[in-house]
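Each structure below is given as structure tokens.
Okay, so subunit A shows up in both of these, paired with subunit B first and subunit C after.
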Partner chain A sequence: MKRALTAAFLVLVSLPLLYAMSQLPQHGSATSPAYTHIAPRYLERGPEEAGAENVVTDVILNYRGFDTNGEVTVIFTSLAAVFAVLLAGREGDERSASEPRARTTPEVSPVASFVVRLLSPFVAIFAVYVVMNGHISPGGGFQGGTVFGALLILATVVLGKATAEKLQPARIRGLLQAAAPLTFIAVGVAGLIMFGDYLAFPKAAALAWVRTLWLIVIEIGIGVGGASIISAIFWQMGGDR
Partner chain B sequence: MIVHLWQNIDYVASVVLFCIGLYCVITKNNLIKKFIGLNIMETSVFAFIVALGVVDGGDAPIMGAGARAPFTNPIPQALILTGIVVAVSTTALALSLVIRIYQHCGTIEADELREME
Partner chain C sequence: MSTLDAILNTVAALLCIVGAFFFFVGTVGVLRLPDFYSRTHAATKCDTVGAGSVLLGLALLQGFDPATLKLLLLAVLVLISSPTAGHALARAVFRGGLEPWTRPGHRTGGGVS
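Then we have the complex of A and B:
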């Protein structure tokens, strides 16, 4: 009964959606309004104006840098919220105080361990490549950071948490997790001091290398921050600090 | 209208995906399955907006030597990059809340949780 009602409701929901879809400009047409207003300007002037051959990078880090600045703050805030939610429960939990959970890492087959050890340098190099090449090829800070975060999670699962944590010393871990908003704010303030606006990039044609450099700096910050935030969320949910 | 829908089959696919996600959110009892449904809904919206930027025969919007027009629209891709990151953040927060609910109540089935009140 509930399922039938839900199905009827979904048909009711999808009909107006389908009607709207049938009224949209044809898929893939180069004359649709989404493509004819601001996109040509970005495609034409993006590389020289914003400093990266990859126009997507231009849009997220330069033209709409404020948006991305807020976004990296959002992901950092979510990490803080995860910490707040999970750590608050751990203190008041008497069960864990009286009988601490077994912290032994389960036995992993030597094959899996060997393969992970063998692959991790290459995965790490790929992550660095994706971050550093984000301005001239597909990729960027978020993507490379996710690849590196996946490597950290894989190392945690297979090699144990202690090995994975060596990559993020406890002393600077907090700083690494905040790296993305911090680099954004640093570049933004540099723009404020040198060119009079928050997140202002140099406009002169001779300073094209400065634009590219700032983009790469932000990409590295986002990559480092993304990787450490993803691994921290994973560790936190695993029930370990 | 049907002909138009057939031409816009990519958009129709995202509507179908949206309905699958909504179905999960409504009918599934397990909180984690509900969040999986929410993620499917998010993915359908991402797919729809990225599909809006597609241009027939378009290349990736990366300039430099050998780049040939037309290029796909970079703006939807950039917006969806932001959207994906925010979706990951909300999913992480939702899952940590599920963990807390399980620690507190010993169950994550929605109807059992409702009876507990």
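Then we have the complex of A and C:
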């Protein structure tokens, strides 16, 4: 009886869904509303309207700013979850093994150390370039932040955690990790105060530089936050060495 | 097309072919060589000689241009980073105690047994 009721309920729910699916435009069809209204408008008016030459940046930071705001919050939440899981497991560990670990890190090859020291400044400059140029060329906060996070991980592996951690002073590390959602919220509230809506960008043509500036500010926030989160997760998983 | 252009193009094409050849040899080496060390050795040849000469050839084709500078910088980067990666890999594995492969009967030692 219960089983039959469940089956009947499922059929009842699935029928309208299946009907709605049959009415959807063909996947990839050029006449679907997504391609006839939204995409052309983004492509035509994005650069003047949203403040970035790069239409992808227009879409993710301006037109769909809400979405990306939620996304960076999710990334920050995932860091919190990693901390919660790994730190909870470690507390019991520390009491039992308070003496220094028996296993020591093998000494680092001088060649690798030299090359990493040689290339690090260039990698860092490239990361900043990718972040700051996100509104003109492919790239942006997520990509540049990942490059810088990879640099931090490389420095941790080759030069040691102490050296790498100097790049993120412990006092402001929490703020750095939360940089992406914080910047988004700051820009959003600024829009609320100045133009009446959360994440509202100025509309006047004369204020185009403000739109671009805000995009760059968000990009920097995402970049700093991304790099801090990637390195923090790596440091947590790498233990105390 | 002047003679100089013809020479430049030929040299560029030759460099690209040499690069492709080294990529091929490196790939065969990764697939066919007997152990980790020799395979790492083959793989680094792809990036250093292979990518290096392809990038040099492309730089010649491009002539005097900002893009040429980028290509040359890329070649330098590859020339520095790829051998380092191979070195770090081989060193880590050797420290980890993997014995290098030798021909059966030709035990010269060197690894940690």
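What we mean here is this: the second predicted complex is superposed on the first by the 194 of 241 C-alpha atoms of A that agree within 3 Å, B and C clash if a C-alpha of one lies under 4 Å from a C-alpha of the other, contacts with A are read in each partner's own complex, and residues count from 1 in each chain.
Rule of thumb we're sticking to: a contact is a pair of C-beta atoms (placed from the backbone, for glycine too) under 8 Å apart; a residue touches a chain by one contact, two chains touch by 3 or more.
Quick caveat, the model's predicted, so the values are computed rather than measured.
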A:S109 touches, of subunit B and subunit C: first, second, both or neither? second
Superposition-derived comparison: subunit B or subunit C, residues of subunit A touched: B
Touching partner for A:L118 - first (subunit B), second (subunit C), both, neither: second
Which superposed partner A:I233 touches (first subunit B, second subunit C, both, neither): first
Which of subunit B and subunit C A:L24 touches, first, second, both or neither: first
Touched partner set for A:V59, first subunit B, second subunit C, both or neither: first
Subunit B versus subunit C as contact partner of A:E165, first or second or both or neither: neither
Overlapping contact positions on subunit A, where the subunit C interface meets the subunit B interface: none
Subunit A contact footprint on subunit B (complex, rising order): 1-2, 4-5, 7-12, 15-16, 18-19, 22-23, 26-27, 51-56, 58, 60-64, 70-71, 73-78, 81-82, 84-86, 88-90, 92-93, 95-97, 99-100, 103-104
Residues of subunit A touching subunit B in the complex: 2-3, 6-7, 9-10, 13-14, 17-19, 21-24, 26-30, 32, 34-35, 38-39, 42-43, 46-47, 53-56, 58-60, 64, 67-68, 71-72, 74-75, 77-79, 81-82, 85-86, 89, 93, 136-138, 140, 142, 233, 236-237
Subunit A residues within the subunit C interface of the complex: 106, 109, 111-112, 115, 118-119, 122
Touch list for subunit C against partner subunit A, complex: 77, 80-81, 84, 87-88, 91-92, 95
